[in-house]
Structure formats: structure tokens, C-alpha cells
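Each remark here refers to the structure printed beneath this line.
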Amino acid sequence: MVSQSEPFLLINFKTYLEATGKKAVDLALKMEKVGKETGVKVGVAPQFCDIAQVAAHVEMPVFAQHIDAITPGAFTGHVLAESVSAAGATGTLINHSERNLKLPEIERGVQHAREVGLTIVVCAGTARLGAAVAVLEPDMVAIEPPDLIGTGRAVSKASPGIITDSVKRIRNVNLAVTILCGAGISTGEDVYAALKLGTNGVLVASGVVKAPRPEEVLLDFCNAVRRLA
Amino acid sequence: MVSQSEPFLLINFKTYLEATGKKAVDLALKMEKVGKETGVKVGVAPQFCDIAQVAAHVEMPVFAQHIDAITPGAFTGHVLAESVSAAGATGTLINHSERNLKLPEIERGVQHAREVGLTIVVCAGTARLGAAVAVLEPDMVAIEPPDLIGTGRAVSKASPGIITDSVKRIRNVNLAVTILCGAGISTGEDVYAALKLGTNGVLVASGVVKAPRPEEVLLDFCNAVRRLA
Amino acid sequence: MVSQSEPFLLINFKTYLEATGKKAVDLALKMEKVGKETGVKVGVAPQFCDIAQVAAHVEMPVFAQHIDAITPGAFTGHVLAESVSAAGATGTLINHSERNLKLPEIERGVQHAREVGLTIVVCAGTARLGAAVAVLEPDMVAIEPPDLIGTGRAVSKASPGIITDSVKRIRNVNLAVTILCGAGISTGEDVYAALKLGTNGVLVASGVVKAPRPEEVLLDFCNAVRRLA
Amino acid sequence: MVSQSEPFLLINFKTYLEATGKKAVDLALKMEKVGKETGVKVGVAPQFCDIAQVAAHVEMPVFAQHIDAITPGAFTGHVLAESVSAAGATGTLINHSERNLKLPEIERGVQHAREVGLTIVVCAGTARLGAAVAVLEPDMVAIEPPDLIGTGRAVSKASPGIITDSVKRIRNVNLAVTILCGAGISTGEDVYAALKLGTNGVLVASGVVKAPRPEEVLLDFCNAVRRLA
């Protein structure tokens, strides 16, 4: 059965100053408000140090941006799944194009996140890699062509073929996984196009975080989601 | 002028479950209490996700265990100096043997930490590497031979020659840097020996964190420091 | 159509002194002799610096042990597919458990090897990772559980379930790829078992290279292959 | 005693197609001819796969572009010092800005190269890093600011301050090490300037390798060296 999951909009705060410290909490609160008002499922992925504060202030899904493929122990400077979970995160990205992992780390990361109860989104830059990681049975796969990230040229408009090819290849090996797409998403039109191409949501960063009024951009996204409902 | 800094005991929480989440706060509170009661300077280095909670509950120095050599921007899953600072950390380790960095990253990390106002401790596994990183002018260098870490065989007792050689080589290139040592430190005797060998403090992890009563171990350490005063 | 390729025995020379420099050429000559006498397809994977000399002395397939995911240019210290090809290699391993790559590098490595005309074997440590890399359509996948490598306990005898699971998962996504297995292979029995489990050959290193008489071990392997013909 | 070593010009072939396979041998022969005719010490650093062929055809110093910090054993896909030595190399670069190493790997690389009898050149991108690696007592340090590499704007002309600062800082910790500089070097003037600033030679790549007539560029370099003699 192909995943029929409710559309999901995940806002990646990256390491932008606009979303660091107190500003991370403020931004998350704005995102939560729009999500609640529109009834659209919205999540945020703040920096590690901000997870606890953000999770303490909002009720939406809070994701880490990365976990290391480690279990508890002597791993100074690493990010432990149990730690992001204890801070209040309910999910995590791994293998973002800005933080690619070695292949075995992805499998161990997926397994460890599952044991800890984190929803796991594995990122991939191409359709083929999307299918490769879908084989590892994460909860979600996020397709983001690295050369479109941060450009404002939405993958769903500029390169719809990548999305349809990704959906086809991923569904060929995994019917259950939730498929997100990202890179360049900045308008409701981009979100609408992404969902029409068969994805279950978007992963977005600068298009929201660096916008003069992030809440207005997210509202535009959420209205696009509702048009499809 | 050779560094005459007040002895410093820095407790590295690593990714031990005994020092994750609420337990990180509890442990930091215990450490703070001993430090205050004995008048010895004690700091803690919890995991990223715990920095904010720990810093909110204690007045002692709180360190990150690592920062990435990045400035604010599109660096998903990385650790930004500004972020650990905003969370309340006043310092950071980098290049721990469990999280070694490429050489240029160490220099950029030192520079960036300085700009952000973080006290920076660069770790090194050998005397020669200690001198190499001292050339980069961090606030502190921590010498930890990797093969003694976690063994309970203290570097200051099992391999005093490494410490004296480190101190000599480091002072040859940098008179101001504070010198810590670590690996296997688990008793006040170990701390006393480390200070007698010319270091300005210790970096300790399992010897305290995994002890049945960490506060008793730290008290033993602090009493050793006071014996020297 | 499931791959019906002729069984293939690939000898990985790793960085063993027993297979370095002139000894690499000597060992390759011995391997070639056994392959020719038994009519079994045998290949060797010497170190980079030995490829040219080995390829000049034998007519069997010569593989590199790794290529970097680069195209010609300013990549000091990297291994260019065009370079191993010019030296006489006709194939290459990538992503060996001793040299794991980030996920996007595997895709680019496969593509670049294809453009240069190299047969590409992608290694994977688990059944699931075997299927993940099979999605990338390399010529061959080699399944090697890292914890059995170098043990002398053959994966095909000690953990046959890993092999059957690998074959099933790989065939589920790719019918054409040649499947090798490895780790602990040291007798003809191990090779026979591997082929019976549905693989198309083995990847072996210490079992042959570190044997007192490598040619006798390989002869044992080749006779096992012929028993199945 | 400050190093008074004879000026040394080291040509890094990188992974340029113009210096791959047979072209590597041809280029090395041209370089050797100019060096012999002018009496200037010239070395070449071809790709791993080309070391044996190059070393078989020339009598000049042949360097590897990198070695891994390993000893003989199970390190598939790595570059063993013993292997480059067996192929005929007499030296190696490590830590080039295109192939930076973790700090402990540099120390182990220097030690292992010494044991194997290879002349070792450690690269560094800044004056401070040059001094840091000089502490590790390699045979040579090569200063190459990464942002000038491949630009044709010579470090010795565009940023002479980096060179003088490097020489000063390096000599402060190591009087014996040979100091090379590189990045953007493309004329005899650039070489002359580099030597006048206190270096003992240059490391050059595209300025020679990608020139229409590399031998003419090298001749220009060598004449500049002789002007100083």
C-alpha cells in the first residue's frame, strides 16, 4: 500500500543565525501557530543546542538535523539519538547533503533511531540515491538535489522530472516510506507542485527561515496543502 | 610568562547515558556543589542538547565537547560556535581523540571560538601534537594519550614522561597556554601527580561520570588540588 | 533475467607486505597460473602503485581497490578512474568496509567507472546495504560482513543466512548484478558453499594472500568452482 | 643552523589528464631534462598508479602525492608508505589542501615515512599551520594558501607577507626544516621572489603541468634559481 500520509512540511533551521538560540524558539512558535491555524502538519528541525528549548515551547514535531551512528559511550563531540530524544525531539534528519554519511552509518543510524523511537528522515540528492536509502526502510526519504538548495528555484518547478523519477524509483522498492522533497522551495506554488508530483511533503530551509516574514511564507505553503485536500 | 592559571578540573560527559538529559543536569549540579564547597575551579562539558539546561541550572563553566569550523549559514547538522554560546556555554573542546579534526579545521575552530568569545581547549594525543596545537594559540591544550583513555590507569602515574615531555614541548612554543592532561584520571593522587608535573589541571570523563558516586571522586580531586595550594 | 555469470574469484591484496611491490607481481603470476590451468575466472586487486607492473605481467582481470569520486583535475592525492585504467586495471572495488565512502560518492563512483569502462564492484557489509548499492546498478556487489573479515570463519559457512538474505534482497531490486561474497573465505568448501547459496563468486584476501602457499589455496577454490560446473 | 638546502622545485602532477599514464612519463622526462641541463634540483609527484613507470624512466626525485597513516595490513584502498617506496618513490607529500588529514594522521604519517626512508613534505595553508606542522619535524614544509592555488596569481608576488610570516613562524620552532611555498607559481619571477623571501624552493602544479610547453616554464623557473646562486 502506497503511503497515504498526511502532507508534512518540515522546516530545517540549518545553522542560520536567524534561527539560533532565542530566535529558534521564536521561529518555532510562529511556525506552530500557522500549522495549528491551518490544520497542516508542520515540524521544525533546529540546531542541537536549541532542541530542548524549542521542544519545551511548542507541541509540533521537533527534529534533530543529524544523529551519529553511535550508541551510548565514549564518543566525545558526537550526537547521540538518546540525547536528542531526551531533549524532546521526536525525529531526526540524517545524511543531509551538507552532512553526508558513510553508507554503513546510514543503516546503523536508521536502526538506532528506530530503537530510540525517533522518526527518521534520510536525505538523498538524486532519484537513484533516494531508492537506495528507501531500501533501508526509514520512515521518510527526502529528495533534495544539492545544486538547487538555497537557490529559490524550486526542485518541483525547475526539475519536476527528478521528483517523478524519485517517486517511481522509491515506490519500486518501498511502498510505505513517506517521500518529502526539497531544494529551492519558496512559494505555495512550489509546495503544490511537489505534492501533485506524488510526494508527501516538503523539506524547506532558507525559503522560510531567511524570509522577511517566515510565517507568511509558511501560510502560503499551508494554503497550498489545503487546496489539495 | 608561564601560565600561572588557577587549577582547572573539566568533566567531559561524553555520550554516556549516565550524563544524558536530566541526568546531565543532576550531575552538573553535584559537580558545582563540590567545586563551590572546596573553592576549586570545576567545569563540565555536557552533550550539545544538554548545554542549555545545564547552563540554566549551574554557575560553573559549561563547555561544548566540539564545534565545527563553520560560520553561520547552510550547514545542516553541524555545531555552530554561536549556537553553543547562545545556549550558555562559555567554552568548548575541539579535536578530542574521539572527534579528531583535519588540521585547517583546528585553526579555523580556534579563530572562530575566539571571535565568539568561547574559551577553547584543543586536545592532542601526544607531546608533539600538543606543541603543534599550542602554536595555534588556543586558551588551553589538553594532552590525552588515546590508549589510556577510559582505562583507569592515569596518564600522570602510568606515563608521567608523556606529561613532562608535553609540558616542555608546549612551553617551548607557547608560554601562556593553560595545559590540561587527561586519560585514566580517577583519583586525587592522579590529579596531584598531574599538577606536580607542571600541568594546570585535568580533563576527566569516565573516572567521574561512571563512578558510583561522582561527587565523592570529584571531592577527592578537589582536595588534591588544595593540597598543592 | 538473473545473472548467470561465470563464477569469479577476486583476490584482494589489501596493503599486505606479502603482496607489495615485486611480491604483488609474483603473487599475481601464481594466481594467473592456477586460473588458467583450471579454467576458472580469477582476478587480482593489488595496491595502486602495483597495478601497472601487475597488469604488464598477467592477462587476468586486474582491479583497483578503490577509486575516488572525482573527474580529472586538481585533486592531489586522490585516485582517478582514468589513472587506474591507464595503468591497466579493468575494474575496481569501491566502498570496501576498510574504505567506506559517503553515499553520494558511491553513486558518482559507479557512474564515473562506467564512463571510463571499468568493471565496478561495490562492497557492502550487510544484506540490506547490498540491496541499497544494487539499486545504483554497479556491475557487481560484494557482500562482506566486516566482523568476519580476516577471521578464517567463512561467511558462507558461519553465517549462510546473511548470504541467502543478501541474494534475496539484491535480486529483489536488481536481477542483472553479479553477486560476490567474502569475509573469512579460506577453503574450497567455503567457496563451494558460497556459490551454492546463490552467489556468483567470492572476494578473498588474507585467506589466500597470507597463506604459506597461496597457489594451493586458490587451486582448492578453483576445484570447488569446477565441482559445481 | 637554518636549513641551507639547495633550492628544490617539486612538480605536483595532481590528477590532471595531461599528467596521467604515458603522459606522466613523458612529462617527467621533460622535467628531468631541464633539471639536468640547468643543474637545478627538480622532482615530480605523479599519481600513485604512475609512480613505478615514472621512477623507472627518470633519475630525479619521485614523490607520492599522499600516503595514509597506516602500517602494512588490512587497509583495502589505502596508500602504504612501503608501497610507494617499493614503486620507486623517494618522498611523499601529505596534508595537501586537496587532501587534508586529521592531525594525528599527520604525526603518524611523518613517523612512518621516516621509518620507510621517504622524504616527507607536509603541506599547510597558512603561516601558523606551517609552524604547527614544522613542530612535527618533517623534512620539508610546503606553504600553499588554498585560495591562490591554480589561480596563476603567485603567492610570492600576491601575498609575500604570508611567505615571510611563514618563514618567521616556522624558523621560530624548527631551524632545520626545508621550506617550500606554492600556489599560483607560474613564472621564473614568481620562483625568484619565493626564494628571496627565504624559502628553499617551490611546489607547483598547474603552472607547469597545464602550460602549453611545460619544459619552457620549468626552464624559466630554473634560470631564476640560477640567478640567485
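In this document, chain identifiers A, B, C and D correspond to the written order of the chains, with residue numbering beginning at 1 in each.
We take it that contacts are C-beta pairs under 8 Å (C-beta built on N, C-alpha and C of every residue); 3 or more make two chains touch, one makes a residue touch a chain.
Here the structure is a predicted model, which is why all the values come from computation and not from measurement.
Participant: Could you tell me which chains are in contact with chain A and with chain D alike?
Facilitator: B, C
Participant: Which integer distance in Å separates the CA centroid of chain A from that of chain C?
Facilitator: 37
Participant: Distance-wise, how many Å sit between the C-alpha centres of chain B and chain C, to the nearest whole number?
Facilitator: 45
Participant: Touching at least two other chains at once: which residues of chain D meet that condition?
Facilitator: 97, in rising order.
Participant: Among all the chains shown, which pairs meet the touch rule set out at the top?
Facilitator: All touching pairs, sorted by chain label, are A-B, A-C, B-D, C-D.
Participant: In the complex of these two chains, what residues of chain D are touching chain C?
Facilitator: Its residues touching chain C are 12, 14-17, 20-22, 47-53, 64-66, 70, 72-80, 82-84, 86-87, 89, 93-94, 96-99, 149-150, 205-206.
Participant: Hey, which residues of chain B end up touching chain D in the complex?
Facilitator: On the chain B side, the touching residues are 95, 97, 100-104, 106-107, 124-126, 128-129, 131-133, 135-137, 169, 172-173.
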